[in-house]
Each structure stands twice: as C-alpha cells, then as structure tokens.
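These notes open a run of structures that come right after.
Both complexes shown next keep subunit A, but they swap its partner, so subunit B is in the first and subunit C is in the second.
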Partner chain A sequence: MSFYKKFRLHKKDVHSPKEKNPEKKRVGFFKFSCCTGCGFELAYFQRSLKETLESFDFTFFRLASSAGSPEGPFDLALVEGAVTEPFQIVEIKKIRAASKVLYAVGSCAIVGGIPAIKALAPEMEVERAAYRERLYEMSSTRPHVIGDYVKVDGCIRGCPPGERDLEEALASVLIGKEPEFIEYSVCMECKMAGNACVLLEDGLPCMGPVTNAGCGALCPAHHRACYSCFGLMGQANVPALKGKFRKLGFTEEDIEKRFFTLFGALGETGQ
Partner chain B sequence: MTGASAFQKDYKTIIPVEALARFVERLGEQYTLTGPVGGGLTARFEDVSSFSQMDLDYQSTMLPPGKKYLFEPVQEVLSFDISEGRFLEDHKDPQMRKRALIGLHPCDVNAILYLDKVFLGQYTDPFYRIRRENIFTIALNCKSVTDLCFCHLVGAGPYLKARSGYDILLTELRGLLTDSGVDSGGSGADMDGGEKKFLLELASEKARDLFHALSPDKGKPPEEKDLAKIKEMEAALLKTFKKNLDMEAVQNALLARPDHHALKETADSRCLSCSNCVMVCPTCFCHDVRDETDLALSRVKKIRRWDACQDISFARVHGGNFRAQRYARLRQFVFHKLDYDTQFGMKATVGCGRCIRWCPTGIDLTEIAKAMME
Partner chain C sequence: MRIKTEYLGRVEGEAGVRFEIKNGRLAELKINIWEPPRFFEGMLVGRRYDEAPDIVARICGICPVSHMLTSIRAIEKAIWFEPGPETIAARKIMAYSQIASSHLVHLVMLALPDYEGKSSLMEMMSARDGAECGKNGETEKAKKTKKAKVKDLLKKFINVKEAFNGITQTFGGRALHPVSMVVGGFTSFPGEKEIDRLLSGLASAEDDLEDIAGLISELKPPRLETASELVCLSDDGGYAINGGRIVSDMGLDGTEEEYEELFEEKEASYSNAKKTRLRERGQIMTGALARVSLQSRWLGEKARKPAFSISLSSSSGKNPFNNIMAQAAELLHFWQECKKLLEASGAEKQKKQKFPGRPPAREGEGRALTEAPRGLLYHSYAIDRTGAIRKANIVTPTAHNYLAMEQDLRRLIEDNIDLPKERLKSLAGMLIRAYDPCFSCSVH
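Moving on to the complex of A and B:
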C-alpha cells in the first residue's frame, strides 16, 4: 500500500496509477570512504524492500543502478562512509545543498569507523605504509565524519545499521516527523534479551555500557565482547569504563586500542 | 489474586520433597512450569518440564522473574490499519496461558506486590492483569543471604511476611527434623540421612483447591518444635546480612540533599548511564510507548518497551532535558528506590541487590545513601 493510496482515503477525487506516484520521494544514496556495507544493507532491505520502492524513487544509488544523476534535487540524501580525500569535501557540500534532508548512515559516516584508524598516525606515515613509491601522487586528508563538513539531520547508526533505525528514518521522511533513533546502551538490549553479562561474568572488555544500541546485543549474545561498532552513545562515560577495564587487569595499551583503534577513533572528538 | 481474597493462611503442612515434586508435576498438567535453573547467583527462570530440572538452592537471578513474566520487555499494545481504518488485533482482551512460577524468593514476591500497585492500581493495565490472573506463584523462603542482599532492611525478606498476593509459600527445613532427629544447625547443607522436607503454607483459595485436588501426599501438620526451629533458622539467617542502612533516617533525608557531592562524584567517576541497574530491578516499571509505522504507511504498531531513567532521552521534553546531567539521572534511581515511599505507599526497593551486582562498576545505592547521610 503506497503513501499515495493511503492518502486517497481522505481525498477520494485524487486518482493516479501507483507507478506514477507523484508523492514518491526522491532519494540519493552516496558513498564515501567505506566498505559499502550500508549500501548493501539498504539494497537487501528484506522486510521492507517492496514498500520502500513504492514510496521512494532512488534517483541515484550507484550500487543498484549505473543510471541516475548525483545532481539532485533530493528529498532525502543518505550518505555512507568517511571523508578522507579532498574532492569528497566538495561533493558532500553539493549533496547537502541539493537535499532537503540528509542522514549519515553507518559508523564510518557518523563516528569514523574503520577509515578513522588512520587518525592515529601522521598522514604521511599512513600514506607511506599504504602506497609506498606512489606516495607523492596521494592527496588524502585526515579522516572526518560527514557532520564535520555539513549539517546532518540524523544518524542511522550501525555497522551496518539495523533495520529498525533504517525503517524509522525512511518512514519519518514519508510522514514528515522527527525520527526517533535509538540512543540507549547495548546493555539495555542485552539485558532485555536475558544474555549472560560477558563483562561481569567472563571479565571480557565489553564496550556495551558505552555503545549505542541497535544491533540487538549481537556479540554478547554469542559470548563475545562488544567492540563498539555502532559507536559511542551520546551519554557515554568513557573514563568510567576505562577504569573498569583497568580493574580487570587490562593494560593502558589494550584499553586505548579498545577505544581508539577498532572503531570510532573520531567518536569522542568527531561530530 | 492480588490480595483481594479474604482467604486465611491457616493451612500448614510438612511434606517431603518427593511429594512436593509430584504435586508440582501434577500442576504441570494445567500450568506451564517455570522455575530457577542454572543455580547460584546467575540462575535464570525458564520453563521446565520436570521438578528436578529446577535448582531450588539458587541464590539469585539476573532478570527478576516477576518482571520477566508479568511485564515483558517489549509488548505490542495496539496495531492499526490506516488504509482500512480499523484495529488489527484486539489487544484489549489479550490471551495468556497459565504459568506456575516456582521458587520465587520473598524479595521477588514483594516486587510483584509492588508492580500490582503500579499496574492494577488507579489504572488497570490489561496486559499485566491477564498475566497476573494466570500466574500461580509458589514462593520459597531464602536459605542463604548474599553479600549484596538488604531485604531485611525493608521487610521484604529473607522470610516472606506478606499474607496474600501469592499462592503457596515453601520453607525448606534443614537439619531438623521430626523424623530423623538430625540437627546440622541450619548451616544450609541438606540433611544427611534424613530426607529433604518443606513446610508448605497455602496462601490462596486457588492454592488450597489445587493442592487438595492434585497432591497425592498431603504431608502432616507441623509440630510446635518444627515451627520453633523455623523461627530459629530465620533468626540465624538474619544475622548473616552484611549490608546495613538506617532506612528510617533515609526517609525524606535524601530529597533534602539533591545536589550532594556523593552523587556527583559517583556519577562522574563510575556511572556509565548504561541502565543495567534499571533493567535488572524487579520494581522498575518505567516504559516508553512508541509508534512504528511500516513503510507502506498502512499499518501502525504501538510498541511498549522497558525504559530507563539513566538513558539520556528519558527526561527529554520539548524545550530541553530536565535530567541532562549524569548525576541527576543517577539521583533519580537512588531516590526512587530509597525515598519515594509516598508514590505507592511502600518502598520501591525490595533489597534484592541486583542493581549493585549487575552494575559494571558496582555502584551501590546504599553506600551513596550512607555517604549522603554523613
């Protein structure tokens, strides 16, 4: 059932075939430096793919089609990946200007994710390790989250995001309401699922207490420590969890790695 | 149920564990049997198919059994078809299968009595009501006390004093007993030589009817010396509590010190705002109701989910967040548990110690209160 058909409930005089739904929202999906996992997640949006295509017109989505133009205008821009190259800075500003609503999608765009690992060393050292003799052809920048360059209307967190937040984001655009994204800790999902606590029972360095939920506590449910792939939640108390890890006997190096090199190196300073 | 009955708790009998097992298994023909499995401090309430699967020597569970089965973490309360303009399911009259909750400790029974006040008080919650009506509660007095228990400070344990609101109360008799005469001094060890026995007290008409209809062995009435021994066991158990706090003094005293440095220091240095305390609390009843619309915009579901005062979005309202600071959120939990008796006429803590045990940094609300009283 499309938005248009639903709308007809109230305005019986309106009629138009569903395929030419004038209410269809124009969506652009853009990729910066990342693994494209968020794009795949949307393409495999299993529960809601049909309804999504009935209500949205993906006028630019490179993973799904080589057709389409990145010029816009867009009702909604979804942006995955971190900014790591100068040309991307220009692109993200153009996308912002052409879009009514812009959501950052996934950890790379929101907290830095994997690309942010390079923030831990001087840029030239990183380039030297990666590109060797072609070093001087490189013009990469420090990694930045999307929100460092343009205003972001919402963050669809995850690596990749869960269906719940994706659906909430898209439905909000259709309804015209503020999306309610999950902001609480992984521990809440973990407790509601009744999982054993890997931090307290097994002494694993679980990042659940500071990490934004949305994954359904996937790792702890399988007796693995959360490594914060969704990024820190807004109200995270990082020093308190570091203190707990110290008490568990982890070294400063272990702890720094836990917080800064796995995911979200920009989590505390980015955004 | 829920204290409405004028049934007098006058029936007491001592039955051997085998007879109790047979009664429970007969009960299983009418009820789903749910009891503690796994044992120790990390037991879980789960559905079982036989009495022997349960570990009635368990000390505590992470999720409280009452909340787990009566007030579920996620509940769809309403679904609506926009295009057809009708409700999809009749959630006003939810169905529920009958469940026997076996082996609840006194703190968890008292927590259910508290939840009754919340969900069956001024407004009746239909989801809670249907579950409550279909639950048969077999309470079990504690055999041991953990380092974090403080039920004795609020009258919620270690022996159950409430006379209604549950169905059966069991007390394991240790080391006494009428038949064998063995006395191992209430050390918590099962009797050697003698058989394991329970004092069984019926606390509802339903329990009386079911027990008389189903139990092949009605046991025999306790003798005076048995009851005296139980009193001794309780007195001995009371001496083993480690935690202490002057609850009288706490009353209204915390509210007078809302910005005490003990709150701020604990919040800054240790509180993760992760809400584990709230999740495992047997009396925390806060919930959030959100609409979830499908992408065809044809169906809306109202979903009720456990909420937590430690979460940043809990107190966010139009114009701001009235508990934006971490210590204000921690304060809400501590004060609600220890000081807001007027809300429902009873303390909101039952002293089970779960919030301390499952806090990643071990924040202890009784220690905060103590520091604030100094």
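Moving on to the complex of A and C:
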C-alpha cells in the first residue's frame, strides 16, 4: 500500500496548493556504534521509495551519498546506534541542536541492543579480548542510549525496525502530528496472527510477553522463542515472566544472564 | 599538497582517507578506519553457544547472513553436530540470495554514482542538475531521457532486489538479521506455495537482472594493477561459499583448520581495524573478483556469456576496479543457483520435519571459513562443557583487504600523481568503493 494511501493523506494536505515549489523536508541520518542495519532498512524502504524521495530531501545520509553536510538544519534527524565513544557525545548534542525533531532508530539507539552487552563486564576485560597493543589507548566507554544524552522525540523500535514505524515517523513530520509508534507486546501481534504459543505449548523461553511489538511476531511464527530484539516495552511485567521461566525449569543463570541481557543489558532503563 | 576525506560516503561504516604529495611524490597515505569498536570477541565470552549467531549477525547490516552461517558452522564443528542435506541446501540459498542483494546494493547505490560523476543515486535522479547539464551542452531533451533512464534503473533495481530479498526473507523470516536460521538447522521451512512464489519472483526479475548486469559490464573502470595475492575458497563440488580449501593465484593451498597458522593480524596505530596478511607472503585481495577469477570453472552459463565475462580473463583479475564486473557476473550466477536450489527443494514432496531443537552443548573448538559478499570471513570459537563460549575470534573480509586497499591506493595515486586535487580525491574514493568495504565488519 502506498505511503499516502496508508495514512489517508492527499498530496494537497501535505503541500498546500498555493506553494508552487513546496520545500521538501530536510532529513539527516546519523550512524553511531552499530551495524548500519537501520540505515540499510531505510535505504531499502522500497515500496515507498518514490513517495519518500518526493517529499524528503536526505541532506545528510553518508551511507547513500558522498555529498551533504552534517551541520543541518534538519526538519528530522534519525539516529541509529549506541553511544560508545566520547566524541559521539559532542556529535549527538550538535545533531540535537540542529534538528526540529529527533527520533532514535533501532534497538542500539533505544535500549542499547547488542553493543550494550559490553556493559555486563568491566570495560577492559571485554576490550582485552579484541586488542592488545592498543588496549591502553582505547577510549571506548560504557554503552549508552541516545536518550541518555539528548531529548528524543520518538523511538522507532526494532533490530531492524519494521516498515510501519518508519512510515509513521516520516508521515508525522510531513503533516506535523505526534507520531503514534507501536507500544504493545509481541504477544498481542502473535495472538492476532493466530500463531501457536511456543511458550505454553512447547515450553520455549519466549520473551514475547515483555517485548515491544512491531515485527509481526516473527519468531513464534517461525517456531522459535522471541529473543526480544525490539527491546522491552514500557510497563513490561518482567517479574511475572521470570517466574514463568523458573516454572518451566530454566536456571537462574539462564534467566538473569541470557534471556534478559541479550537486548536488555542496560536493564529496564532507556525506555 | 594534503588531500583528506574525513568521512567516506557510499560505503558501509565509518572511515576516512588522507595522503600527502610532496614535490610531485606521494609521501604518506593512510586509510583511517575510525568506526567505533564494539568488541564482539569480548562480548561473546560467557554467552551460550547457541546465542552467538544472533549476536554476530549484528556485526553487519548488509551481510548478517554470512556472519550467522560462519558462526553456525564453526559452532556445529565445536559441538560435533552434522546438519542434514535439507539444512545444507537451505543455508546455500540463504548465502546466495544475500550475496546477490548485497552486490546489487553496492553496484547500483554505492558504485554506480562514481561512474556518473554524481554523489548519490538520489542525485542521479534529482531534477535540480539543470545547471550542470546545461554546462555540458546537454539539451533539455537529453536531460529528460537521462532521468527516465535512471528511474527505469531504479525500478529494475527494486524488482531484482525484492526477488532476492524475498528468498532470504522466506527462508530466514526476514532478510536482515534472520530468525529461523539457528545452530542445528532451521526452525521452519517454507512450504511449496512459497517456493513457487519465489520462483516466479526470480523469473520476473530475469530480464531486469540481465539489464543491470549489462549496464555494469559496459562501464569503463580506470586502469590499475594490484600486487596482491588473490585468495578465495575452493571446493571440488562447485562454486565454494560455505567452507572449502583456501587457495590463491600464487599457489596457496590450505584448510580452514590451518587458517590461524597461515594468516596473521596486526593492529594499526591509526585505525580501529586490524590489518590481516598471509604470513611470510603479504597482502591479499579477497571478494568477488578473486572468486570469479579463481573459480570461473564453476560459474553458470548465464555468467559466462561473453558480454559479462570481462573479469574472467586472467589479466583483468588483477585490477581491483573490476570487482564490480565480477559482482555483476556473480549476480547472474547466483540467480541461476537460487533457481536450481529452489526447484530442487520444491520437488521434494516429503513433509518437512519439525525442528528437533538445538543440539546439546559439548566441549570443543571449531573454525569455519566462508565467502561473504566481500570475501573471506573467518570465525572460531572455543566452547566449554556447559556450553559457554570461552574464546572467539573473527576476521572479516575488509580486514583481509585492508592492506591491499592501502597499497593499491598508493599505486593509483602514484600512477596519476599529476591530476588535480579534486580528481585525485574522487579517484581515491572510487577505488576504496570498488573494494566494497564494510567498515563496521572490519572493526566489529
């Protein structure tokens, strides 16, 4: 479905007809410490690619263009990745100051994601496994989410995010409304999809009850337990699920050190 | 004269390049990979063996399947698990479709703008290049045809990309960071109907794919000859992707078990990525060009058509700019291989078995090499009795190519030292992009 149709927009709502040369919205896309997957996801934004390019000017998007300046100003800044280096702290503040709206994109930026696993052990112990000579000059810090440093106007969750929230983000900026991002559990999506429950029926450690939806309950649909790649949702009942896992016979070690730390190494903060 | 690009565009990850020309000679040259390290080798320590594939997928947003496949095979070797033929075939399909998607993105979105003198595909499409076109004496009409051509290319690109992405997505649950491919096999397999849908997707993309490959094969890459040894995997059963012997154009022949004895990694003072070389031999070049040059006997007939075979002659295999030609040839090859494998899997009428669950932990060590889109990828793991990872080592294609990239860039600048500053700068970017580097991978 097209971008415009989906949001029941008409082109005339978006650009007032009086404007002959409607200014396109200026978007900056910024990468911090991460896999660039969110960037690729946006670049592949295939079904809506044409509409997206008609309404937005990607004035900074290094993955897609060798031109453009990170200075802004931007109507919308999209930021992927966690903060793990001191220079990034300066950068994120500059980006915030140059942008009207700033959305964090992806689990790395929102809950710490995979890079945050580093926070589970003393910094140097983790770094030692990868570097020898340069170990003592590494300035890598404990991973932080974008919201620890600057105000974030919305979270496009996922690893990588689903198309729906990406579209919602762009649409909200286009028509100047508050975005409504998905904020319920994977279980809800799972039940709507009519999947068999892998937690109840197969005893698999499914994180669906506490994980933010948006993937369409992908893992249960493929007969595997959700591993929480979209991150914990707000108001997740974590103790209840931990109790359930205990009853299923999972060890305390598995519960504390595995399931809840793969995409939740920074704890329940970062929400 | 100092020439510096702080943040290279149209490559995956963060890196810059700088060099200095003094009295008509190249004084210093560095590719500075400042992509922040995430210390995957450290993060993996203490995690359970079956978590590794989901973790290492996040090394890279364009080749997650390669990292998953390599870690899965290394871990399965460590725990003495042998996958069945159905799993092996499905893993091939995952690898082929991902490499094809990655090549497609590189060719059309990242590399092609260099040949058009543009900063991006978006700029190639944009209407506001009037002044520039006028300057070159292009008429309004020529401009319109050009724009229509780019729009047409974009349509074809999306069509082909959806066909290949659709395959990865159907087998893996999603194309990026797939979920159903795990240690022990696949938690689900697509049904016959889905296979049919994928096959018709491939069929409808055939013409567009040939057009794109044709377009690439007509480009005129700059001349350059690398001094690097071309290295890739080799297998007696076909085009090697997931495992095989390590071979080169200079007579190297080793096994994946011997990898750490054959190669060495060195930290660089100015870069977060390490430089990998063959011990006592030196720099290597790995990736599509090395594969196509050394494994040409296995390429399907589609990729062997004279129009696309530019990179198949031995002399052109040494020009790193020809990597895009090799990628185009591989696109055609993998289209054919995906089709073959899908037809075979569709023909299997027997009901797919339910996934029996993850194979149990066992103490051991495993090493695996695969061909990622950008070349040789190595993972090794030591796993203890409880299933916890005690040690991990990952060497990526861009770390393998790092030395060659710098050495080739030296040569390129020396060969063209009289060119103006801006031209040298764009030529440098173009060469680095020809390698299709992934800086997130290189540092990880």
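Keep in mind that, in the parts below, the second predicted complex is superposed on the first by the 243 of 271 C-alpha atoms of A that agree within 3 Å, B and C clash if a C-alpha of one lies under 4 Å from a C-alpha of the other, contacts with A are read in each partner's own complex, and residues count from 1 in each chain.
Criterion: contacts are C-beta pairs under 8 Å (C-beta built on N, C-alpha and C of every residue); 3 or more make two chains touch, one makes a residue touch a chain.
What you are looking at is a predicted structure, and each value in this text was computed from that prediction instead of being measured.
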Given the superposition on chain A, which partner contacts more residues in subunit A: subunit B or subunit C? C
Could you say whether A:185 touches subunit B, subunit C, both of them, or neither, answering first, second, both or neither? first
What is the contact status of A:201 with respect to subunit B (first) and subunit C (second): first, second, both, or neither? first
Pick one for A:41: touches subunit B only (first), subunit C only (second), both, or neither. second
Using the superposition on chain A described above, determine whether A:151 touches subunit B (first), subunit C (second), both, or neither. neither
Could you say whether A:126 touches subunit B, subunit C, both of them, or neither, answering first, second, both or neither? second
Should A:224 be classified as contacting the first partner (subunit B), the second (subunit C), both, or neither? second
Just to be sure I follow: which residues of subunit A are touched by subunit B in one complex and then by subunit C in the other one? none
Contacting residues of subunit C [partner subunit A, same complex]: 7-14, 36-43, 45-48, 51, 54-55, 58-62, 64, 105, 109, 113, 119-123, 125, 154, 158, 161-162, 165, 173-174, 176-177, 179-180, 182, 187-188, 267, 269, 354-355, 391-392, 429, 440
Seen from subunit B, its contact residues with subunit A in the complex are 42, 44, 62-63, 68, 73-74, 82-83, 85, 268-276, 279-280, 290, 292-298, 305-306, 308, 311-313, 326, 357-358, 360-361
In the complex, subunit A residues that touch subunit B: 1-3, 5-6, 9, 48, 51-52, 54-55, 167-168, 170-171, 174-175, 180, 183-185, 187-188, 191-192, 194, 196-197, 199-201, 208-210, 233-237, 239-241, 243-244
For the subunit A and subunit C complex, residues of the former touching the latter: 31-41, 43-44, 46, 49, 53, 58, 61-68, 84-85, 88, 108, 113-115, 117-118, 120-121, 125-134, 138, 140, 159-160, 215, 218-219, 221-224, 227, 229, 257-258, 262
